[in-house]
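By written order: A, B, C, D, E and F. Residues from 1 in each chain.
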Amino acid sequence: MADRRRIQGPEVSVAPIILKSPNKIQLLDENLCRRNGRNLEDIRSIYLKTGLISQANGSAFIELSKTKIVCGVYGPRQTKIPAFSGKGNLNCEIKFAPFSCPKRRPPYRDSQEKELSQLIYEALTPSIRLDLLPKSTIDIYITILENDGTASCLAAAITCASVAVADAGIEMLDLVPACSASYINGQIFMDSDLIEEKRESGSLVLSYMPSLKEITHILQSGEVELNLTSQAIEQCTDSCSKIYSIMIDSLLLPIQNMK
Amino acid sequence: MSTQTYEAETFRKLQPQEYLRKFLLKEVRPDGRELKQFRQTTVNLGCISTTNGSSLVRIGNTTVVCGIKAEVSVPKQTSTKEGYLVPNVELSPMCSPKFKPGPPSEHAQVLSENINRLLKSASILDLNTLCIHEGSAVWVLYADIVCVNYDGNVFDACVIGLITALSNVKLPKATFAEEEGLVKATEELLIPLNLSRLPYPATFSIFDGQYLLVDPTEVEESVAHEVITIICDEAGQICTVWKVGGISCTPKHLEKCISIARERYIEIAAIVENEEKSNNLI
Amino acid sequence: MGKEAELSTNEKEFILASLREGIRLDNREKLDFRSLQILLGPDYGHSEVRLGDTKVLAKVSCEVTRPHLDRPSEGILILNTEISPMAFPGLDMGRPSEEEIIISRTLEKAIKRNHAIDLEGLCIIREKKVWTIRVDIHFLDNDGNILDAASIATISALAHFRRPEITITGEDTITIHSAEQLNPVPLVVHHIPICVTFAFFEISENKDLWVVDPNWQEEKICQGDMTIVINDHKEICVLSKAGGVPLSMETIIYCSKIATSKVEIIIDDIRKALEIANDKNSNKNNNNSNKMDKGKRVNRD
Amino acid sequence: MSLNRVDKRKFTEIRPISIEQNYVNKDGSALFKFGDSAVLCSINGPTEVKVRDEKLDKATIDVLFKPWIGSPGTNEKTHELVLRSTLESIIQANLHPRTLIQVVCQVLMDDGSILATAINATTMALINAGISMRDIAVAVSCVICKDGTILIDPKEQEIEENQSFHTFAFNKVSLNLLFCESFGVFTEKQYFDCYELSKTAAQEVINEIHNAIKYNITNGR
Amino acid sequence: MSRHEPIGPQGLRQDGRRADQLRNINCKPSVLSQSDGSSYIEQGYTKCLAAVYGPRETRQKAQILHNKALITVEISLAPFSMSERKKRKKFDKRLLEIASAVKQTFEPIIMTNLFPRSQIDIFLQILQYDGGMTQICINAATLALIDAGIPMLEYVCACSAGIVEDTTILDLNNSEESLGIPELTVALLPQSQKVTLLQLETRLHVDKLESVTAMAIKGAKEVYKKLDKTSRDYIGDLLQKSNPT
Amino acid sequence: MRYVTPGTRLCFASEYEAGPGTYEREEYIYSSVVGIVQEFIPTVSTNTGEEKKQSKIITVSKEKHQSSIPDVGNIITGKVIRMTTREAVVSIMVVGNIPCKDDYQGIIRSQDVRATEKDKVKIIESYRLGDIVKAEVISLGDARSYYLSTAKNEYGVIYAQSVAGAMMVPISWQNMQCTKTKAVELRKCAKPEDLFSKNQ
């Protein structure tokens, strides 16, 4: 597609074939520890920071060891759509940076990004009090700088977006932490990264409102036995509460230090 | 102004020129800097692991991430040994309310074009060194610069980001298998690029024809439309002079800008220096 | 971006009344074309056509590329008709407007579908390297009937164009010789399709009211128009009467006869212009000042 | 490099200029030629403006740059920005509030230093259209070759083997710098030499414009 | 009879039709419930569905015509309609050209001055394509307009015709069209014997034009008989149903 | 001082009433913004004169300021950007005294310009392009714009440039005088509020 608005490289270019060491990477060593030392139900350490974009109403940056995501929230501002809407509407757009995945992603929006945007919209809408903002729109723009596992990316994006909306001072019922899990030959790997994700038979992403104890969104793919699913949901809600405390600190610490 | 007194914020919204003029009368700028002072600049290299080379540059609040990914392609008919270097700037609606979703805005296109011209004309990277097998396989370096936070003077951040990312690139050793026509690369041996020149930029803007503001923020950029950008390299030579908008620029202004740009070069080189030192320590 | 100035109703009445008496505002006869000027530019493939005040520029350039998969041994011909607000004010560059569609489709049918240019001759190495001929048509000024001017400009530019000579040196490597080493090769033109446009006003029982080569005002008030593309072998390449006022068959047959005679005159003009350009180039060749366009889009890299 | 240039011009001599006004019947149009580089510029304005880009107190200036070959890309977009920002500083836009001045530049022949030709063509077209301006913009480009000699108004071949390529636009009144675009590697001294040489060459272009206007007025539009 | 030879030894064509024989047409008006008028028409294997909305309020205020109705035509080709599925790009110039031809064909026919400041939309959906795109669009649009009760001067019937070594053949299908033989489409007003649309795309000698168009007009008259008969039957049994005396 | 984030449970619904920054759900009150918990007892004197003790109201002060959106009754400051014979289109820049990051669009209809002789209003005599206007939001209006009114004395033009380009000073409720050329122009001006009261 001769996109005249960008500097053109060659028509077709392909990633080189990287000769890897033949031995298969061991996911689990003998005492059930994963490659980076955490065991099955541990999630990666989260670094969360707000107030990153000076011109946005609210913004947040989340980093899970290798996954890096930035989110900017603009609004509430005038709705452009012609229909009169009694309550505010939400518009989410997620974008992978071209260098974020092992294989270079095209700069224009592809179907996966559209699907992820819709999932984030569904996860956040129950938690935001849109009825207080008639005729205005809240725009959430998320850019994924580095992707280490698409499911955990989606979960991190939901957490980050929820913190950014709170940072924008928009009234919310509750913060929405989200967490992902992968089923790899019968075991539940919490918050799996790219290599583990390649070997998963199914995955689960759960967004949860801890203080209201309500689940806003569940997405499960791949076939999994029933008891494994319920156990995974159990583990996800626990780690969501852990994430919840990190979100609260990221919002309150800057204010307390300032006072 | 009428007898009404406004809060600073409302005053800035209603009368932006007046607001800036009142600051400049006292030789100070809205964010507290003097006229000649650059914002605090930080660089950190290799922050994105899925790239062959990457860098994050912050000039004050303006934050830019440059990632370079290498792929393989067939060279052009007319220049069979030349690889490709494809820079592109992405100003997403996330970094500032000015930008709308959709294809790149005019501002993004002009940034990409000026960076492309700089790379070609200042011969920073000899494209023939990207050749794997003449006539059939060459490296293509896609340099994508994503703006995370837009607070004025994005061009400087993009150029510094690109140059530091290029110096951070490590290309795997590639061999071209004749028969299947495939390129195989081994990760053990990583070769850095040799850059023949490391140009760094400095941007100024002139307000009301008299004040020369260094490294303008978004507030100043939206009001002072006369922009001068000077890029010089380590030998003190100049790679680019770009001056647009406004009729009050005289050779005296240009001389002052060039001398400040040279000082700025030393400043940036020092910052990148200790970043590289601290980088290969760990 | 404002729309073009609309004609007021009494202007329309006045023009119609004068046409009924067989008078046209620019005192042409019913069947006359406006003055035709064909300027073939200094370098090959550059032709500017002036039909009265309507001005169209056609620029031909060539490039070595990979052929289409389904036609490995055929060259590629690209016609690029991008409308600019210079000729059509009040046009936003988004959706292609109707005029642009009609113009680009008619030219494509006339030249590409009817193989006016021999594409097999453009093949260098089968499936690997072929010549891509690109014709950029720029509309400079629109004083009516821009389609005829565009077709004349396109075909005269193609006839006047010379592509650089090449020699195949090895399995799939070629060397392109610049104009100084080997003089460049013209394209093979099978036939010269020329477009003639008619504008129809009222159709009463006794007398059909129509003119050839309508100017801007006549184009604005006509009830329907018909375009006939005829080549130098008296074959109708394209005939397009897309709706508008219904006509009897006799009128259409009569129009096509007139079109053939008009086309002959135009083709003579083109041949004359080509001769002037060729001997201008031949005597210029010895001091090789004419710049042979190296084909690739030349920008400062 | 031989002592003189391919077409026998002296180093600081510009190519023969030819100006044709009212080339296209628009509000204002002019064809400006530096030797074999020709740009036709047509002005349509002040005319109706879309509500979206309507400005309260001044005219919106919209520039469209159409290349010779191919469809407009990022290179043409940069030329559009340059032209628009230069025009915004010299056109008295506040005399025509809430209107649109539409500038279309079409490259007819490209033989080097196209941007300079386009700026001069736009100036001529604005004068022809009778749009009130504080000042007029005059542009010249030049090239520094490998051996350091400076060539004014370079042709395409001379631009190919160059060390650096510069384009300057000056205003007529104070010969201040309106626009400058210099890419390549050069020293400060070389830069200011180019600046001075281009200034003198710009003076010639101004005289050329003067007698083009005189000629146009004396024997009618 | 070899693949490339359109006329066989006994003067029969590949699909067994004589030179001047139309493909069998069957058509049916008012097949859709939502639209004001609609029709479905099959000419051989080319199938087309037409829907007419209007006269209704114009969507964009800029396009309002103060003295007559604005007609808009949109043609879309189902991705499965051709033998190989090709992803259609957004503005397919060929379809847009046929759409503007159909629009200009119906502008003088529909009495637009009766509906000032309004808009009449004609949507055409090609379900299966086997040659004769323009002709089936015009015939389907005519039937749909009649079904919508929009006043028109007369029917508009279209037919295509071609010529192979000076034997003219009628109503070409896709395989005959792709042979590249000269072929034209005529749209006829049957009462006033006038031609509103005449489109020719491949090379044809001037003096052969007369004979081919005569054949096409003959074909268009047959199409007219078929369309007229269908709509009269349809109205007939409508009346029958409404007052069953 | 207790800092809370959205969703923190504050207290039982029976003890307090939910004030701004909080919401009630299934007999609990939760905070809906990031901020500091405060409670206060409103002393409202009912018509019987004595102070009836209202139940305590719990609120959360907003540490993070949400960019304000115009609501019915807000006082806004905006710039006139377009005029028709029946209305003036205003781009709302400041709501209350918090400038909003993106401008909203409001319309002052000719019948809402002033309270007296509503139908004899000529909009061209009340506002000109580029005037800075203070007005009150009277309704959410339609999809594109809010409906504003300057019917009260303290609403109307607060800053205008004269034809000569100098600043203008209001000399009566319906005309303003240019400081340079002393020319008088017709405007619907706002009473310069607390010009005097502030000095006392």
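By our rule, contacts are C-beta pairs under 8 Å (C-beta built on N, C-alpha and C of every residue); 3 or more make two chains touch, one makes a residue touch a chain.
Everything numeric in this text was worked out from a predicted model, so none of it was measured.
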item	value
Separation of chain D from chain C in steps, with touching chains one step apart	1
Any chain in contact with chain A as well as chain E	none
Maximum centroid distance from chain C, chain identifier (CA atoms)	F
Chain centre separation in whole Å, for chain D relative to chain A (CA means)	50
Separation of chain B from chain C, taking each centre as the mean of its C-alpha atoms, in whole Å	45
Where chain B and chain D are represented by their mean Cα positions, the distance between them in whole Å	28
Where chain B and chain E are represented by their mean Cα positions, the distance between them in whole Å	59
Set of chain B residues in contact with two or more other chains	97, 109, 112-113, 116-117, 120-121
Multi-partner residues of chain F (each touching 2 or more other chains)	79, 101-102
Contacts with two or more other chains, residues of chain D listed in rising order	71, 74-75, 77, 165, 183
Touch relationships between chains, expressed as pairs	A-B, A-D, A-F, B-C, B-D, B-F, C-D, C-E, D-F
Complex interface listing, chain B residues touching chain A	47-51, 54, 61, 63, 65, 67-74, 76, 84, 86-88, 90, 92-97, 101, 103-104, 109, 112-113, 116, 140, 142, 144, 146, 148-151, 172, 174, 182-187, 218
Chain E - residues contacting chain C, complex	91, 93-94, 96-97, 100-108, 184, 187, 189, 192-206, 209-210, 213-214, 217
Complex contacts: residues of chain C adjacent to chain D	1-3, 41-43, 46, 48, 53, 55, 57, 59, 61, 80, 82, 84-86, 89, 93, 134, 136, 138, 140-141, 143, 289, 291, 297-300
Residues of chain A defined as touching chain B within the complex	3, 5-10, 12-20, 52-56, 59, 66, 68, 70-72, 74, 93, 95, 97-102, 104, 107-108, 139, 141-143, 145-147
Footprint of chain B on chain D - complex, ascending	74-75, 77-78, 80-82, 85-86, 88-90, 134-135, 164-166, 171, 174, 176-188, 191-192, 195
